[in-house]
Amino acid sequence: MYDAMKRRAEKQGDAPGTARYIGPERDYAPEAVVFDYGPEVFTETAWQGQGPGDLAEGLNRWLKVSGIHDAGLVTRIGECFCIHPLFVEDILNTSQRPKLQENGETVLIVVKVPGYDQAAQRISEEQLSLVWHPRWLVSFQETPGGVWEAVAARLHKEKSRLRRSGVDYLVIGLLDAVADRYFQVLGELGEDVQELEARLLARPTEAILFNLYHLKREVLSMRNHLWPLQEILTLMAREDQGGEVAPASMGLLRDVEDHVRHAVDALKTLHDMLADMLDLHMSLTGMRLNAIMKVLTLIATIFIPLTFIAGIYGMNFEFMPELKWRLGYPLALGLMALVAVGMLVYFRRRKWLG
Amino acid sequence: MYDAMKRRAEKQGDAPGTARYIGPERDYAPEAVVFDYGPEVFTETAWQGQGPGDLAEGLNRWLKVSGIHDAGLVTRIGECFCIHPLFVEDILNTSQRPKLQENGETVLIVVKVPGYDQAAQRISEEQLSLVWHPRWLVSFQETPGGVWEAVAARLHKEKSRLRRSGVDYLVIGLLDAVADRYFQVLGELGEDVQELEARLLARPTEAILFNLYHLKREVLSMRNHLWPLQEILTLMAREDQGGEVAPASMGLLRDVEDHVRHAVDALKTLHDMLADMLDLHMSLTGMRLNAIMKVLTLIATIFIPLTFIAGIYGMNFEFMPELKWRLGYPLALGLMALVAVGMLVYFRRRKWLG
Amino acid sequence: MYDAMKRRAEKQGDAPGTARYIGPERDYAPEAVVFDYGPEVFTETAWQGQGPGDLAEGLNRWLKVSGIHDAGLVTRIGECFCIHPLFVEDILNTSQRPKLQENGETVLIVVKVPGYDQAAQRISEEQLSLVWHPRWLVSFQETPGGVWEAVAARLHKEKSRLRRSGVDYLVIGLLDAVADRYFQVLGELGEDVQELEARLLARPTEAILFNLYHLKREVLSMRNHLWPLQEILTLMAREDQGGEVAPASMGLLRDVEDHVRHAVDALKTLHDMLADMLDLHMSLTGMRLNAIMKVLTLIATIFIPLTFIAGIYGMNFEFMPELKWRLGYPLALGLMALVAVGMLVYFRRRKWLG
Amino acid sequence: MYDAMKRRAEKQGDAPGTARYIGPERDYAPEAVVFDYGPEVFTETAWQGQGPGDLAEGLNRWLKVSGIHDAGLVTRIGECFCIHPLFVEDILNTSQRPKLQENGETVLIVVKVPGYDQAAQRISEEQLSLVWHPRWLVSFQETPGGVWEAVAARLHKEKSRLRRSGVDYLVIGLLDAVADRYFQVLGELGEDVQELEARLLARPTEAILFNLYHLKREVLSMRNHLWPLQEILTLMAREDQGGEVAPASMGLLRDVEDHVRHAVDALKTLHDMLADMLDLHMSLTGMRLNAIMKVLTLIATIFIPLTFIAGIYGMNFEFMPELKWRLGYPLALGLMALVAVGMLVYFRRRKWLG
Amino acid sequence: MYDAMKRRAEKQGDAPGTARYIGPERDYAPEAVVFDYGPEVFTETAWQGQGPGDLAEGLNRWLKVSGIHDAGLVTRIGECFCIHPLFVEDILNTSQRPKLQENGETVLIVVKVPGYDQAAQRISEEQLSLVWHPRWLVSFQETPGGVWEAVAARLHKEKSRLRRSGVDYLVIGLLDAVADRYFQVLGELGEDVQELEARLLARPTEAILFNLYHLKREVLSMRNHLWPLQEILTLMAREDQGGEVAPASMGLLRDVEDHVRHAVDALKTLHDMLADMLDLHMSLTGMRLNAIMKVLTLIATIFIPLTFIAGIYGMNFEFMPELKWRLGYPLALGLMALVAVGMLVYFRRRKWLG
């Protein structure tokens, strides 16, 4: 996160609207595919510089761009579709906060989609941008494949509702796919947390402590991306703001909103669970310390006095009458046994042997 | 919770509105009963595919479905009653967040009803859904029986107000039954917490710690279902939203709202109590450690110097004049007594013997 | 609290509006007194079934009921005054959340009044209900006497403003008396907290810990009753809601509102103080542990090496030249003194003797 | 605070509007001075019963009362200026929550002004009340002198803007003086906190712990007076509420609002700092314990095994061949050295000697 | 911070609007440069007392003042540009809370720009003020150079959008530069936090604890300046408030708003991370204590009983038959070995050797 901030800060002297890619380096070629679709039509072609001008009546166009590390390509697309330079700048900057921004008829939506590497317990994030116009949509993603493949596949099917609806329905569908991915990641995270909990209840170790701390941080960073997504959907549902959402698509939008609200709840619960587990870890550590100290105290308080008695009769004074007694030795051993039993009785009374 | 999330994530490729059951497996046959009722009429029949069309003037219809694991049945009911496919999808998905959603004249309400297994101290949850139309109501529950039996029983009685009122009154009555169940579970939970508190004040153990932690988690998960219920009732009370609530039913609705607000207060109090008890546990553990360490310190600091003195006169030097003294032994014992008494006096002064 | 919840849950099958007493058992007879009053008139009679019908022009009526455990009596009063059955149900249920509810011209106000048993440090609560109509008022309290006696006494005096004002003024006066009782209880609680603080600063004990924990819980439960009272007053001050409050009474209402807000502040401060004191207790326990361990460490680290030296010269090897030396013994003692002094210097350097 | 609450609770039987002084006893005579002022006029006279009636056209009147423990005087002033009895009651009650209340053309403002006794680190508070009418102002303070002296002095100067402005400007000026005093106290408090921090970082002691705890409480109680002041200023800035603030005075009002918001920020920061310092104290105590225990463990684990070896060769068995060996003694010493070095190496490996 | 508060409190007697510099002493001469610019014109001259009067049609003027410790200069500029005296007072007071204030056509914006000294890990702050009029802008900064140099440089370029836009665009550009600086500082802070985290996970020391505590405080103080900046931008975006922002500039304003919201998120995350790290530090300290105590307990509980056995056979009783046995010595050693092994087995069973 902080690398991105510094990289971004390097832009400090640039005029607003300067197109510059800010993000990790990539080693594959970006890809841009155009889907033209309508109730009865569906074509898929590589993008060759066409803008929205040549679009047939009754059709919608979705330009799906995978890979934004080529600032030139994104700028060119921006020009062909008359996208505002500030929008292009935001699309290229992968350290963007999720947001919805309007400019005339076009709307920019930036969201983050999470990925979870269960082996490293690390959440990755990819920035997705949508430029949404009543007739067309341009989507940008950092890597090929990803959550929108399934939506594109559904577009192939003639009887799909996507084909019969406007661009707004497609936008909501894409956001729905993002919400589903959040659920998937939350589910995987939740499993890891539950497994960790089982291990913690068995025995608190330093490794578990680090693990808990690490997961809590991942949850914290995920929150930063999920909360703004909720705001975006709320903005879209408001009538006076966002792109026009047709009444027919409103049902799905509300549904996606509910999904995201559910995800936010789950994330909050996860966070609270991790915080509780960290507290539990601390309490358990304290209890184990108590248990250890009890043993030490028990052993020490029983044997130290005994050793002292042995020490007394180990002294070399010439005139120690007990040493000459026939029963001196057994009496000394008896005294020791007495002291030991007395101590044990005392401890049992104070309930320290349980 | 997280299993459900993963199962839900498997739906990721489905188009919105796909009817698929998401929930635990069940091994009984779903049941669907139709109640047609009016001030003077009441009939109860098994559902045989009828929709709302054949309903006599002045009557209301309640279709009560127990068991939603048969997606086909639910879909068929949805078709007969013209329920929106997105509603059907939500009803079948038992990992739904409680919510109220409108579509034209019909309103979908999804709530969770808790159950408490006092032996295992585990809260279970069942999802209940209501599709509410001014003339009819379809209710879905995961298992047979449950909180709505009592409402159905009241419907049998001719002089019941339910018979004389519209569907809105029935809906509120059903939600009232849900609120009452929350109270019952909270009461049982509260008893367990109070019993645990008594045990904690007597003596903090690891078992109590786990118990507290576990109950706090159960409370946390219950919160996720109770809060949205409050939102739903607030939405219903607003005039411009939710199904039409007749002015005559408004009183009961406000009452149920108050019940739920009360339950939310009680849950919050329970949560705070558990958090305070966890803190108390930690403090008590610390205090017990102090008590243990005091004993160890007392014993060790008294006997270690004494043992040292004994050790000195246990040395084998040839020229140790004290060893030859007639009073050497009693003098050494006296010195030891002096040191021990001195230590005790010091400790008493510092108030460590209290 | 949780007993009440369970008792309430037993009502689960009842139809809404069923009059059933929910509360602790009582062993005295309820009492109902009627005050008819106006600027020049004041009569006090036992209630004999009269409703508001026979009330002379220009007079107001206050029916003061002490004891609600006779559900029959309350129901009869409800019928005479045409009180909504849901209101009667709420009045009889002593585990009600404080609230204000309207029904046509009548308004139901339910509040809790606290009592503080300073010996047991336990806050008790009594539920008070008001059914308020522009011309009459019916008040219900669980026990005889209580905070409203003083208001009734003021009504006797001819020049009292209560006599010259409407029922709204009386209602506000009664709520003012409730607010004053909250102040009294807060004052007593506050004194106990301050005394506890003095004891804590002197020496943290387990008894103080339990005491703090217990008081925090009492404060927590009081909060649940005080906050809704604030909401009720805010509702009354709003013009479009609650019973009609005459402009002339508005000043007093604002005053009572301020009182309650002040009480809420004081309760919050009390809560924060108790939380801080619990933290302080924990810190102090930790510091005491440090002090104890320092003494143990000091004694042990000084005497353990010395004992070891004594042990060496207590060995029985035949060939130990030092044992034969004339100065062996004084040299050994000198070595021990050196080690002890060295340790002490080291500790002083590290500032462990302060 | 709690004394005041109890004293206030003694009023419990009084009718609202009863004038009774609630506050600490005072032993000086109250003083009341009248300032009549206008752009070219300024007179200062002792109050002799005049109300607002004899005020010349174009002039404003400020009656400045120092000392409110004479309830009779305050009541008389109230009568002369037709101040509402509830206002008079509030002015006399020094345990009032800061507030703004309207009654026709007059507005009552009650605020608290803090004082800081840096030696005792104790915040005192004085209640100030303003009764504000478009043409006149009556101010009440508990003690003579105080923050308003400087404003009165400015009124003497002919070219002062106060002289050329209405009463609203004077009111804002007086509140500005109060805000400045908050800043002063916060500055002094902040210095004490910073000094305490330096001492804490050097070495955590019980005295510092008590000091931190005490300061946190003072900050807590100051918060209760500062937050409502912010509310009062916000109310004044709203157009439809509070006394009429002329547009020309609005700039100053916004300025004072900003001052108070700044003070609230500073108080919050102070609170957070103190909380963090309390946590730091606890962490440091824990670390010191670790350091102490390390030394104890080091000494004990090295010498206890050595002492054991010495103990073995101190046994008096007749047949112990090693005792007869020529090299028995040096070998035993060598064994001890070996064990000691082994232990040290082990500790160094585990990094316990750092 | 608290020095500034005290210095500010010294102003206590001043009339509002008194121009007095409050801030650290400076030893350089203030500088004032005038930029007159339009689409085709750009001139840069030293300020020689000109106000906005001589400004050519179609041009905008930016007066950039570096150094405000000369109250006379600032007052003179204020007079030339007819800036409200309260604004001048605020500009001179460097302990101002960030704010936006209107007065007729002019708007005052005060913000703080952070600096981060990575060696000392200390955040510094500089106050920047803008007086913004539709035709001109006066900017004040405490030191020369700084974040606005880059904006001034962009103004030189003929094709820059700044040249073709109004003053509002310039204002937003300047605030954008401030936001970028926040990002830079956050990035540097974040790097330090991550480095600290790595060190903490390796080994918790007192130095790290102090470091964490210190950074948390810096984050706390930065929050006080960043949050009000967000408020300012929100105020500017509202149509009815703030200076007129042309629709064409609205896009950039929204962008800057998003930047700042992002920075607020990042700051919050940083704060939470630091809090978590402080908790982790405490947990780790507790775990290390456990580890240390385990070793001590292990060694002590094994050797103390052994030493006791050796002590017994070191006693000098005349009649101790074991001492005469041929196998006495090996039997004693065997007993010791048995005890030691028994203890180890016990510990392994309780999993204390892991």
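Order of writing sets the labels: A, B, C, D and E. Residues in every chain begin at 1.
Just so we're on the same page, a contact is a pair of C-beta atoms (placed from the backbone, for glycine too) under 8 Å apart; a residue touches a chain by one contact, two chains touch by 3 or more.
Note that this is a predicted model, so its numbers are computed, not measured.
Under half of the residue numbers at the chain D-chain E interface are used by both copies of the sequence. Chain geometry summary: the mean Cα position of chain A and that of chain E are 25 Å apart.
Once the centre of each chain is set as its mean CA position, chain A and chain C turn out to be 41 Å apart. Residue positions of chain A touching 2 or more other chains, listed in rising order: 282, 286, 289, 293, 296, 300, 304, 307, 311, 314-316, 320.
Ring order of the chains (start at chain D, first neighbour chain E): D, E, A, B, C. Interface residues of chain D facing chain E in the complex, by the touch rule stated above, are 147, 150, 153-154, 160-162, 173, 176-177, 180-181, 183-184, 186-191, 193-194, 201, 251-252, 254-255, 258, 261-262, 265-266, 269, 272-273, 276, 279-280, 282-284, 286-287, 289-290, 293-294, 296-297, 300-301, 304-305, 307-308, 311-312, 314-320, 351-352.
Against chain B, the residues of chain C that register as touching in their complex are 1-3, 5-6, 8-9, 11-13, 15-17, 84, 86, 90, 96-97, 99, 101, 103, 203, 206, 209-210, 213, 216-217, 220-221, 224, 278, 281-282, 285-286, 288-289, 292-293, 295-296, 299-300, 303-304, 306-307, 310-311, 313-316, 320, 322-326, 328-329, 332-333.
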